[in-house]
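Take this structure first; my questions come after.
The first chain written gets the first letter, and so on, giving A, B and C; residue counts start at 1 in each chain.
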Amino acid sequence: MGSGPRTSVACCCVASPHLTGLLVVLDLVGIFVFALSGALVAVRKELDVFGVLVLAGVTGLGGGFVRDVLIGATPPSALSDWRYLLVPVAAGLVTFLYHPALGRMERLVAVFDACGLAAFCVAGALKAVDYGLGPLPAALLGMVTGIGGGMVRDVLAGRVPVIFRGELYATPALAGAVVAVLGQRYGLPLVPVALVGAAVCLVWRLLALRRGWQAPVARLRTGG
Amino acid sequence: MGSGPRTSVACCCVASPHLTGLLVVLDLVGIFVFALSGALVAVRKELDVFGVLVLAGVTGLGGGFVRDVLIGATPPSALSDWRYLLVPVAAGLVTFLYHPALGRMERLVAVFDACGLAAFCVAGALKAVDYGLGPLPAALLGMVTGIGGGMVRDVLAGRVPVIFRGELYATPALAGAVVAVLGQRYGLPLVPVALVGAAVCLVWRLLALRRGWQAPVARLRTGG
Amino acid sequence: MGSGPRTSVACCCVASPHLTGLLVVLDLVGIFVFALSGALVAVRKELDVFGVLVLAGVTGLGGGFVRDVLIGATPPSALSDWRYLLVPVAAGLVTFLYHPALGRMERLVAVFDACGLAAFCVAGALKAVDYGLGPLPAALLGMVTGIGGGMVRDVLAGRVPVIFRGELYATPALAGAVVAVLGQRYGLPLVPVALVGAAVCLVWRLLALRRGWQAPVARLRTGG
């Protein structure tokens, strides 16, 4: 009941001492790339420099904030570690200054974004397990960690979240989180479990990007 | 201070051992019907199947999440009980597959929705009391439990919350919550108190639906 | 870890016993004026009386709610003190009844709003410090306390937050919060520290209002 992590998995936005070396790097990369995507949206909406920084921060950190608030891990780790706060500021300033170049690298940004999604869904799921949640809620919170920042970004920017619009984005995150939760549950070693989970999410998402996979949409007016 | 419920009222999304039999059923019915309404909005906005499931989950569980986070009851009960997670998934899939039929039963859905509102406002208020809140905040949190999910649904779907648009919706929820809080405060037995509170909300809401009652709107440009 | 304030700074929405006399007044004034601004937005959007009250409450209390949830200070102080709940109701009703007059006093409302911002950013930052956050997160939470309510108001009212639209609003709040955090960190007495921080924010914001200062916007299409 909000009494902190039970075992050794949780730490920063993420992970156990065993994973720290690997996952803190992935985590900061993920925050950076998500923050870039938020800042790009802000620049295109012609928000001012402050709007760019706020959308960068919300997109990079939002998913982790929502997860930490829901599992009672307050204050969120991003508020205890200044690196987590400076990374989105850097991403926001880079975007503000160099957005025309970034705009041309959209494909590269999408690949990095998939890496961020992969890291976040695994890290979020393992942290939720560590705070005592069952497998199903933990997997869902892993997905929320991955997609939450982008949803808040889109709501603040005044548009319906793009993940609702037929882009295959949440399913890979859920799949990666499920793999991580199951592996942890069956006592497999953490590092390979995390890597396999992240790889499942990453490959799925990259394939969806490359092949233009879309989630099905309900047909309105089904033939009268 | 987030140290958990003081007495015996709280449990799942809801209520005391005494109430469990009754209120867990009402609770799950409420989640199901709220989730239906969220999924219908998503289908009409032509979101994909994932958007339908997310809006179903947010609408069914959102009010309880907001309440639990505010009173420090983390993780929210919906994250500790898999039934609370499967119900909105079921509602979302049913809507995705059978939405034309559901669209024709709009009146029936509205009646179920009123039942959900009645269950949620009472359950939310009693849980807040149980976590040590005073009568006024507890009644407000009961109202928030009832209306919160729909507000988040509408924000994510890119429209101003419909409860703001002259539909008499929040007032019955507040009334039901006030009745429950007052009854509990004066030591009346819980089950009748909960039933009377829910009945007040339900009857008021159904009358508002049937007679088209609207909340007043401020006049702009008052004759110069 | 959500175990409550460490020292003597925190209390209501705000502040230490030493500051109470001063800051509770500022706090309630801030809530009242923020609530007025939320209610005016609601009236102009032709929301009904309930929408007016909800937007008034969200705008007046939202920033503090977000801060308290993030630092684990649940339930938020506004839910433990009925004055914090009645003030926005009063502001909402006043606006609903007398909005034409209020609309004509827009300049006066903006000045009060700047006072509210000044009080909130300092109070929010000092409360965050008191809950054990480092200087940088505490200053950011001070800013969030000041600007959060308005952001939620705009999202619920279906518009992109105005603070993103070139109005110099968040920077003064961040500056005031930084002054307060630094002063507190170097052991200076609390009352002058709070006053100087609030003054920095207030003067900066009023100058920005008077001179039409704007934050820079990224140039789209930079000449090809």
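By our rule, a contact is a pair of C-beta atoms (placed from the backbone, for glycine too) under 8 Å apart; a residue touches a chain by one contact, two chains touch by 3 or more.
Labels paired with UniProt names: A, B, C = Trimeric intracellular cation channel family protein.
Everything numeric in this text was worked out from a predicted model, so none of it was measured.
Q: Rotating chain A so that its CA atoms sit on those of chain B: what angle is that, to a multiple of 5 degrees?
A: 120
Q: Same or different for chain B and chain C, when you check if over half of the residue numbers at their contact belong to both copies?
A: Both copies, chain B as well as chain C, present different residues to each other, with under half of the numbers appearing on both sides.
Q: When the C-alpha atoms of chain B and chain C are each averaged to a single point, how far apart are the two points in Å?
A: The separation of the two C-alpha centroids amounts to 29 Å.
Q: Name the residues of chain A that each touch 2 or more other chains.
A: Residues 2, 69, 72, 155, 158.
Q: Can you check the complex and tell me which residues of chain B touch chain A?
A: Per the stated touch rule, the residues are 2-4, 42-52, 54-55, 65, 69, 72, 74-76, 78-80, 82, 85, 96, 99-100, 155-158.
Q: Mind listing the chain B positions that touch chain C in their complex?
A: Within the complex, chain B contacts chain C at residues 1-2, 69-72, 131-134, 136-137, 140-141, 151, 155, 158-161, 163-166, 170-171, 214-218, 220, 222.
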